[in-house]
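Both of the next two complexes hold subunit A, though its partner changes from subunit B to subunit C.
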Partner chain A sequence: MAKPFNIAHCFISGRNRPSRAVLWGMLSFMLIFLFLLALSVGSVSIPLETTLDILMHKGEDLVLHRIIWDLRFPKIFTALLAGAALSVSGLQMQTLFRNALAGPFVLGINAGAGLGVALVVLGTGAGITLMGNAGLIAQLSLFLASILGAASVLIVVLSLSQRVQNNVTLLIVGLIFGMMVNSLVSVLIYFSEPEEIQSYLIWTFGSFRGVTWDKLAVLAPAILSGLMIALTTVKPLNALLLGETYARSMGLSLKSARRLIIMSTAILAGSVTAFCGPIGFLGIAVPHLCRGLFRTSDHRVLFPAVLLIGAALALISEIAAQLPGTQQTLPLNAITALLGGPVILWVILKRRIAVNA
Partner chain B sequence: MGAEIIKERDGARPEGFSVHPDTSVSRLMFRRNLFGSLLALAFLLSAHGAQGEEVQTSEGCVSNYDQNKDYFPDKLKVDHAEGFEVSYHKHYKRVKVAAPWKEGGESFEYVLVQCGTPAPKGFEQAQIVTVPAKTLIVLSTTYFYFVEGLGLLDRLIGIANFKRVNSPAILKLIARKKIAEVGRNVDLNLEYTARLNPDIVMTYGTGNPYRDSYGPLMQFGIRVGVFAEYMEPTPLGRAEWIKFMALFFNREKKAALLFDNIARQYEAVKQGTKKVATRPTVFTGKSIDGTWYMSGGNSYMAAFLKDAGAHFLWSDNTSRRSLHLDFESVLKKAADADYWLNTGLWKSLAEGRAEDARYAFFAAFKAGRIYNNNALLNSEGGNDYWERGIVNPHLVLADMIKIFHPELLPDHKLEWYRPLE
Partner chain C sequence: MRKSKLSASSLSIGYLQPPSVLAQDLNLDLYGGELVCLLGPNGAGKSTLMRTLCGLQGLLQGSIEIMGRCLSGLSPKERASCFAVVLTERLQLGPFSVRDLVCLGRHPHTTGFGRLRPRDEAVIEWAMQCTDIAAIQARHVNELSDGQRQRVMIARALAQETPLLFLDEPTAFLDLSGRIEVAKLLKHLARNTRKAVLMSTHDLDLALSVADRIWLMGGQGAFQTGAPEDMVLTKAFEAVFCGKDILFDRMRGSFKARQAFSGVIALKGDGLRRFWTAHALEREGFKIIPQEGRQEPCVEVLEDGAGWTSRFRGRHQKHASIYDLVTAIRALKEDRDLSRENGGDI
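Up next, the complex of A and B:
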């Protein structure tokens, strides 16, 4: 890992840097604020009073009630979970591959998940739309296809990693493998009908809004279990920071640590990709933001920080994507790119300066 | 005329090369000789019947060019369509498609020169097409009945996709191997299309250079007629694009005859809803991943709904293209709407509910008042609504009136629409 990046200087002056306790407080407050904001703003403007009434189940307007409970709540929970999942998986990948630009999607995980989805959506030939066509079975098949796709790419990359000890080489292997998998997807697209291509294209824009409560009932347990596995990798991740040799000298089983990290990433990135599409940039950008804010590389701090900031950024993106006050919406990936892109650029430039100096 | 066709379709003809400077194509075209001649022969045989009805100079080539003569005695008047205009200039016509997908975007100009007369100078921007064109390829099912109506089936040499065809006439051509399958958009087979060497390819544009077919075709030197019938704000405007196709074949008279008939019938059906007491509320489309694709308030669909005596909830919107709305804004506005039309591929309410359980929040869903325009699908999902529906707007309108005001058309049986159960 390169030396921790300090983004805190961007918005907090060095002398008055807040203590961690204050930071945690601010973050939690921000998340609660964003949660309430997302509940109360949207294409349909609902006065705060009415929103509160509806939350207390006192509202009389059934439509508004449904907008809050069945449209906004699932969307918000999806954003929070997906943001946290992608960011945690990004943190894991960056440490495992010691590459500042690693993310859940660079190892071909995203491509693998995409191939799984494409096989279900485009391969059935029945004009199945992405968010299901035959109820829970379609949901589950889509979901399993995505995770299986992600996992099988990871297994291949992992088996290669047994031979290739160099993490950078492994990263490149992952990238190239991802490209090969993507080319399979484009072959599938080539032979598909217009409606199927359209649903696939819309899926690639990314969206939290297609997730209903019943889909959330599958997505949430998957992400939570992925996060639990990820939590057990905090200590090995810290050891990996000091180098693989050091980690090994500490008696750490690199093999099993890697396996756990890759398993949780497959579950996290695969399940989010299945339900929300390939959402870019969050996974790479959020870990950097957190290292800068908390000025540490300690995963015991970074893990919860990444969780909170990832969830918050995903929610901000979602709020922005639906252009509050208008009926129109923007593709989610456009927003995450606008938010995450500058952070990644900043990391690259900062690195170059560090190398040159 | 027969020798004419053989000459025209013979790949070795030197003029052919000037259109396709790429040598690899030229080689391909040499190889096509035998195939081309055979096809031309088949052409001759099948063309025989259709030629009888209109034997006039406008159908063939001019041998003695007279610069004072008006070669287009039958001039078109465009009444409803807003997307194209035409002006006549003795031996050529100028045609303009100003805004094929949006105002201020790309536009297309054509100079249609009577065969056997010189091409006018000074139109570098325009595509110069010799008319009447002898061969055509259509890349959208929406033009099938234009081709058939204008008596051009014998000139059709290719379509985009065999699997999605409903038209019996086109199916017959496929069965007899008279036409080729060339794909479109991302899977357009450019080499194959070039090899067929059509006089004109009829397609549409959406403004997406990575998907639209016209760009690569035109770069190749193939003439492309860019349709924008889907952008017309009225159903009659959309149907009137049959005249646009007719211009390339000097079939103005026939097109006017056909269209006047369509317009008369449409107006007659429309009269029925003039005095309806109540206009039921209606909305369209469905959501994909949380974004709702709704007909634009100024689209031909909005006009259909108005003419059918319904109140389209987004009628005050001014877009001709479909709107991308948030699910919640649609729910807010349309939760109590009486009817819901055009739900994509759904064949049943269960399919809708499985896709997104929140569709059941709409009153129209609970009451079973969802009508989809997919009653006539072929085995591969090709929808006749996008073929025969285009030239029969009066029947589509009748379907809708039957839905909203069944008492007005007691004898009408739904053609393309069906209630979802």
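Up next, the complex of A and C:
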């Protein structure tokens, strides 16, 4: 039987926190607002009215039409998808490893993608420029290399995960493996030309802007399928909250749960990294933000929350990186670090206080 | 004949890698409605036995049958509807409400995303009623006291709706009233829900007062079982726990530290005050004998709470409390020991 909603009770026991229904409403509203904002701001500011006209196919201006449909729409969708994907995989990793600082990349997936890209950019000597008008073949080979790199790390980690007994060991294996792969990249960098190194560095800054409709046609299904797999891990993740022994005592098969979780994380983080570069901080910060806002660790609540807030934060980062009204853009990773860093610091400091108290 | 919920025959427990056998040839039964306390020193294999019995760890030899079915033939999910466990490990799960945690107990019974049906909700309510945590169901788990948290973990295990309930040292971090509350709760659950409850503990007093049966693991594979009182009479506790530092008092059913022998002392008096006076003198290492005539040293418990008198090395003293009595006697004893060391010529 549903209990009648009692405002007074909510204020007494709920510590003046907004109820979940209000939070969901605010989040959805914020996403719509950000979506429209991202459409109208950029190196060319387009008034909201004009934007809406163009959306309704009423506008006459072909240039603005192109900017909105062919540049901003793919960029926005990429940001939304990438933000959601990284945050969901961050949530999975934090619960799987019971570690507040775990994120999408703890298993070395970004290192694998980075090695793939480095091999193409630095190793071929072809001097592929990433941000410029590189040929389609060059671009394709880049994404292919990145996906192959991420996938090969995934396969190694997955096969190890079936042998390794506990998750902490797996975490350490992932970290060490990532470091080893990164050291290969630094060897490649050492033997490369300055222009190639610059190209590689720009890739490591991360960007949602290189993704066109064509690429989105690959990225979107990849991320959606990753999210579908992630959805099936909601119940196992809840069981894992109590630790591995409790989870097993409740009938969870640790190996198959781990396989599903790692697989979806690899698809999510791997495809985002392949198309947008290694985007940091979002995946670690967003799950903490959601736990704080919704006051729960229940993944049935956290999964949609992380999805929405991750998408929103990625969009905010993209809008901020654009430096609205100017022709300049900042590296995306600088913005996500500035946004996400304080959240992570807050989590760590709050925990210290809780321990000391 | 009673039908057991769990029975193990010629069971060996331990580890394959590195190979070590903690106990072998165990024949065990758990019956519905009974609370069994598993006792034994650290390292005797209590946790290993529990983990083996509920299938979280493989067995080395023998067989385990749950309600007539072989444990190794059960799927993880079927196992989860036979056993619920409460472990010692501390939770670290971030913000999580008491109710949500109890809901996790429904894990083996739900499908998909773990959506709860009306029947699940009813079981959760029942589990919270049983453990008396309904009033705190909206609170967060990490805001609770240790005793409350233990009750929440028991509620989670109840929500799993299993015929067997295993608890690994459920009273370990609790204060005295918390320990007794948890023990009473477990006994009540065993009786009223006809569950077979197995708890491991180091708390002998508690085990003696609530357990229907004791499982005693003695290390080196020794295993004994019986009612707590049987275990006292067969000297099983003494065999396992007593050493050069520990004595077992068979009359009181408790252990005490073995003291260096200080001598014989006569004690006169009766009733409760005599009992605790003797207790204090034994703590000082004296052997108590009844007062006959005027031997020395001696202590007399005066009637009507008038205090104590003592005669020790020719000195007659009056004391207002047991503390005064014991302190005075200890001083005289140390004095005596000192003069003996010096050859008695002082």
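Note that in this section the second predicted complex is superposed on the first by the 304 of 357 C-alpha atoms of A that agree within 3 Å, B and C clash if a C-alpha of one lies under 4 Å from a C-alpha of the other, contacts with A are read in each partner's own complex, and residues count from 1 in each chain.
The rule is short, and it goes like this: a contact is a pair of C-beta atoms (placed from the backbone, for glycine too) under 8 Å apart; a residue touches a chain by one contact, two chains touch by 3 or more.
Every value quoted in this text rests on a predicted model; they were computed, and no experiment measured them.
When both complexes are overlaid on chain A, the residue A:K58 reaches neither subunit B nor subunit C.
Once the two complexes are laid over each other on the shared chain, residue contacts for A:K255 go to neither subunit B nor subunit C. Applying the stated contact rule after C-alpha superposition, one finds that A:F208 touches subunit B and leaves subunit C untouched.
By the document's definition of touching, of the two partners only subunit C reaches A:Y246; subunit B does not. Of the two partner chains placed by the overlay, only subunit B lies in contact with A:R66; subunit C stays clear of it. Of the two partners subunit B and subunit C, more residues of subunit A are touched by B. Taken in their complex, subunit C has these residues touching subunit A: 54, 56, 75-81, 83-85, 87, 89, 91-97, 100-101, 104-105, 107-108, 110, 112-114, 138, 140, 160.
Those residues of subunit A that touch subunit C in the complex are listed here as 13, 98, 231, 234-235, 238-239, 241-243, 245-246, 248-253, 291-292, 295-298, 300.
Residues 164, 186-187, 287-291, 323-329, 331-332, 335-336, 344-345, 351, 353-358, 361, 380-381 of subunit B are the ones that touch subunit A when the two sit in their complex. Residues 42-44, 62-64, 66-67, 70-72, 75, 127, 129-135, 138, 189-191, 193, 195, 197-199, 202-203, 205, 207-214, 277, 322, 327-329 of subunit A are the ones that touch subunit B when the two sit in their complex.
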